[in-house]
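Look for chain A in each of the two complexes below; its partner is chain B in the first and chain C in the second.
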Partner chain A sequence: MQLSVIKKIRKYLRIYAILFRFGFIFSTTYRVSFFIELLVEIGYQIAFILFYFVIFNNIKNIMGWNFYEIMFLTGLNIVTSELILGSLYIFNLRRLPEKIKNGDIDLILVKPINSLFYLSLGIPYFSAFVSIIPGILLMIYSYNRLNLPLNFFAALVSIFVLINGFILAFSFSIILSSLSFKYINTYTIPLIAEKIILYYKDRPHQVYQGILKLVFFIIIPVVFVSSIPSYILIKNIVWNYVMVSLFLSCIFFFIALKVWEIMIKNYTSASS
Partner chain B sequence: MDEKTIVVKKLSRIYKVHLKKEGVKASLKALLHREYKYIDAVKKINFTINQGELVGFIGPNGAGKTTTLKMLGGLLYPSDGSIEVLGFTPFDRKEEYLKKISLVLGQKNQLWWDLPVIETLNLQKELYEIPDEDFKQSLNELCTMLEIKDVLHQQVRQLSLGQ
Partner chain C sequence: MRKYLQLFKNYQAESWEYRANIVGGIVSELIGIISALIFWLAIYKSNTQIAGYTLNKVIFYYLLMPLIGSITSVWISNKVGSEIKSGFFTNYLIKPNKPILNILTHTFAYKFNYLATTVPVYLIFLIGFSFFSTIRFSGINILMGLLMAISGFFIHCLMDLAISWLGFWVDDVWSFQHFKNFIFAIFGGVAFPFDFLPSSMRLIFELLPFKFFYYIPASYINNQRSFSYLFSDILSLCLWGTLFYLIGIKLYSAGIKKYAAFGY
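Right, the complex of A and B next:
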């Protein structure tokens, strides 16, 4: 049993490595397009950082986060945004409604591979993976400016919550996007999921109070993608958050698998 | 006694189709209220195919041949009835099952447009977990037979239609 699970994980890792290589070859085939995409992404990141420069010219902190703490969060936010866009959205979920409408997923469904894996992560967008570098540099720079000692334990806990955050973002995206199987031609559904995740994950989680706290901690738990992992690393470990992130990621992942399983039964293919 | 490879019982597939009338007015009306009809693409069919049998599946246009094949391949979920192929229920789409079947679909291309042909073949090798030696042998045989060795490293979009 264990051996077959290990074998399967190895198979999927091998396949993802090939698909990642395909993404690289594909992106670099068209040089001009590759560099334009990189410039656009980096330009967007600079605009985002400038926004905080302007804000911090007028205030000292945002909900207890000083300038460099916010910059660290921004760095991690760039990394998580690019990873979510590059692995899950740009070539995958954004195109899912069209593939369903045209019956293009026939060829994927007939392959001996998990359909959810292939349709959600199957075509990585390589430019996005390169665009995480400025985010990492910003994180390192901000961490140094904060003069914090290296805390490996906090780093491990932070990575753990970050992984749960990715599982939550993935699951939420799948729950919404898989509705495309039932409601054909709904290009906006994956876009709604994408915008909600990217827009609401980029700020300190303390800004969400009252009903919004319930929404962004439990119903659409995007605070676990960037803010809480940053908080754990640069401020302190809040075990309640760690446990909630683990609990929610299990629940959301299970729901996502079930919703996908139910929705894919509505697939009608197209004439061929 | 022959071993039953495919067993289909009372298999049905119903499509819900939106009746779309022509014109802008009809399209506007359809935003608020639309009519549907239900088409029995496949209606309670039964058949059994034994191991080793070679069967042709023929019928007029719209008879439900492709729909039946897509249900056998696990692409479509049946509205009613049951299918068993090699002991598997196709729509469960177990990897062990999908490794054993193949489905040729017209107008569909599984090659990656911007990559050399060999890259997609290497991906298929991993998907089907084909051992290196078997893969090389089959590739050599087919390339020699079809005289396509030269195009293996060419980008798919640069191939001619015939190639």
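Right, the complex of A and C next:
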């Protein structure tokens, strides 16, 4: 049983590596287009950084986070946004409603591959993966400016929560986007899921208080994507958050699999 | 004139087919506004005033953004750019009307329906907020803001037309919308009011035309901009409008000579 699970994971990792190589070839075939794609991504990143520059021109901190702590969070936000967009959304979930409408899912259903894997992660957008570099550089720069000693244990815990955060973002996206099987031709469903994740994950988690804490820690747990991993690395480890992220990622992933299974049954081919 | 009126009616009917997208657009805007409001509420917990803005004023500013955006936003470059790329632009050339007027009629018809559906929703939010806050605005402020927004819409049309014609040379027309998105976020005042900027930076932002798409209309309604700027704003609008018109004409006349469509 365990061996077959490991075998399956290895199989899908191998397939993803091949798909990733295809993504690279596809993106770099037209070099001008590739550079324009990078320029667009970097443009958004500059806008994002400039926003905080202007805010900190007027205030000293945001809910206890100083300028460089926020810049570190911004760097991680850039990385997570690009990874979520590049792996999950741009060529995959954003196109799901159109594929359903056109009956293009047939081709995937007859393949010896998991439909959820192929439709959600099958076509990586390579330019987004390259665009994580400025985010990583910003994180390194901010960390240096904070004069913090490198804490390997905190880094490991932070990466663990980050992985849970990705599973949560993936699961939330799947739960919402799979509604496209039921409500045909509603192109905005995956976009709404994308906006919720991108807009609400980029703030320090302390901004969510009262009822909002319940919403963004439990119901739409986006705080585990960027804010809490940053907090663990640059401030301190909060074990409650670590445990909650693990628990929620398991629950959400299970729900996502079930919802997908139920929703895909609504699919009817449109081809002749 | 009659044929354009008929075209307007046809495009209006066509635009209702996409009403689900309008609803989706409103939901997307609301997601953005709520995110901004949560953020600013947190910031104002430890600040009473930032750059002359109280919490109420900031909330009002961000609530105004989608309303003003629904007036000033234009999607010509997205549509026409891809039509040039796909060869669909030929359809404009063989019809017995001027392509530019046809495109503008399409824009006005879609805008008319978009405003009819979105403005009431945004107004409910604004009026609701003004009941519970100390924000008061005068009729003249609203009028000036609306006039600025409508003028902003017209120069945005001219600017977007000029951008569209780049489709004669550039393949990656999809990127136009993205460039506009992040430029407007910063230089248009969507992300923050210009009053938050250091004075040297603000000077540069004030020189650019993007301020007319969000910041200027909002700051007139918000009573944050004195009427003494009115003359220079109108002059600046006219200058930018003329410049975009001239650039558009030049690009169109050069681009149409190299346009080639295949198929259909």
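Keep in mind that, in the parts below, the second predicted complex is superposed on the first by the 272 of 272 C-alpha atoms of A that agree within 3 Å, B and C clash if a C-alpha of one lies under 4 Å from a C-alpha of the other, contacts with A are read in each partner's own complex, and residues count from 1 in each chain.
In the analysis below, contacts are C-beta pairs under 8 Å (C-beta built on N, C-alpha and C of every residue); 3 or more make two chains touch, one makes a residue touch a chain.
Keep in mind that what you see is a predicted model, and the values were worked out from it rather than measured.
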After lining both complexes up on chain A, report clash or fit for chain B versus chain C. fit
In the superposed arrangement, does A:250 touch chain B (first), chain C (second), both or neither? neither
Rounded in steps of 10, the angle in degrees at the Cα centre of chain A between chain B and chain C is 100
First (chain B), second (chain C), both or neither: which does A:159 touch? neither
Go through the superposed model and pick first if A:136 touches only chain B, second if only chain C, both, or neither. neither
First (chain B), second (chain C), both or neither touched by A:50: second
The chain contacting more residues of chain A, comparing chain B with chain C, is C
If you stack the two complexes on chain A, which partner ends up touching A:262: first (chain B), second (chain C), both, or neither? neither
Partner chain(s) touched by A:115 [first = chain B, second = chain C, both, neither]: first
Going by the contact rule set out at the top, does A:26 touch chain B (first), chain C (second), both, or neither? first
Aligned on chain A, what is the least Cα gap between chain B and chain C? Give it in whole Å. 7
Which positions of chain A sit in both the chain B and the chain C interface? none
Which residues, counting only chain A, touch chain C once they are in their complex? 30, 32-33, 36-37, 39-40, 43-44, 46-47, 50-51, 54-55, 57-59, 61-63, 185-189, 191-192, 195-196, 199-200, 203, 206-209, 212
Parts of chain B lying in touch with chain A, wherever the complex brings them together: 15, 66, 70, 73-77, 91, 93, 95-99, 101-103, 105-108, 110, 112, 114-115, 119, 122-123, 126-129, 155
Quick check: in the complex, which residue numbers of chain A touch chain B? 11, 14-15, 18-19, 22, 25-26, 29, 103-104, 106-107, 109-115, 264-269, 271-272
Under the definition above, what is the set of chain C residues touching chain A in their complex? 20-21, 23-25, 27-28, 31-32, 35, 38-39, 41-43, 45-47, 50-51, 171-172, 175, 178-179, 181-183, 185-186, 191-192, 196-198
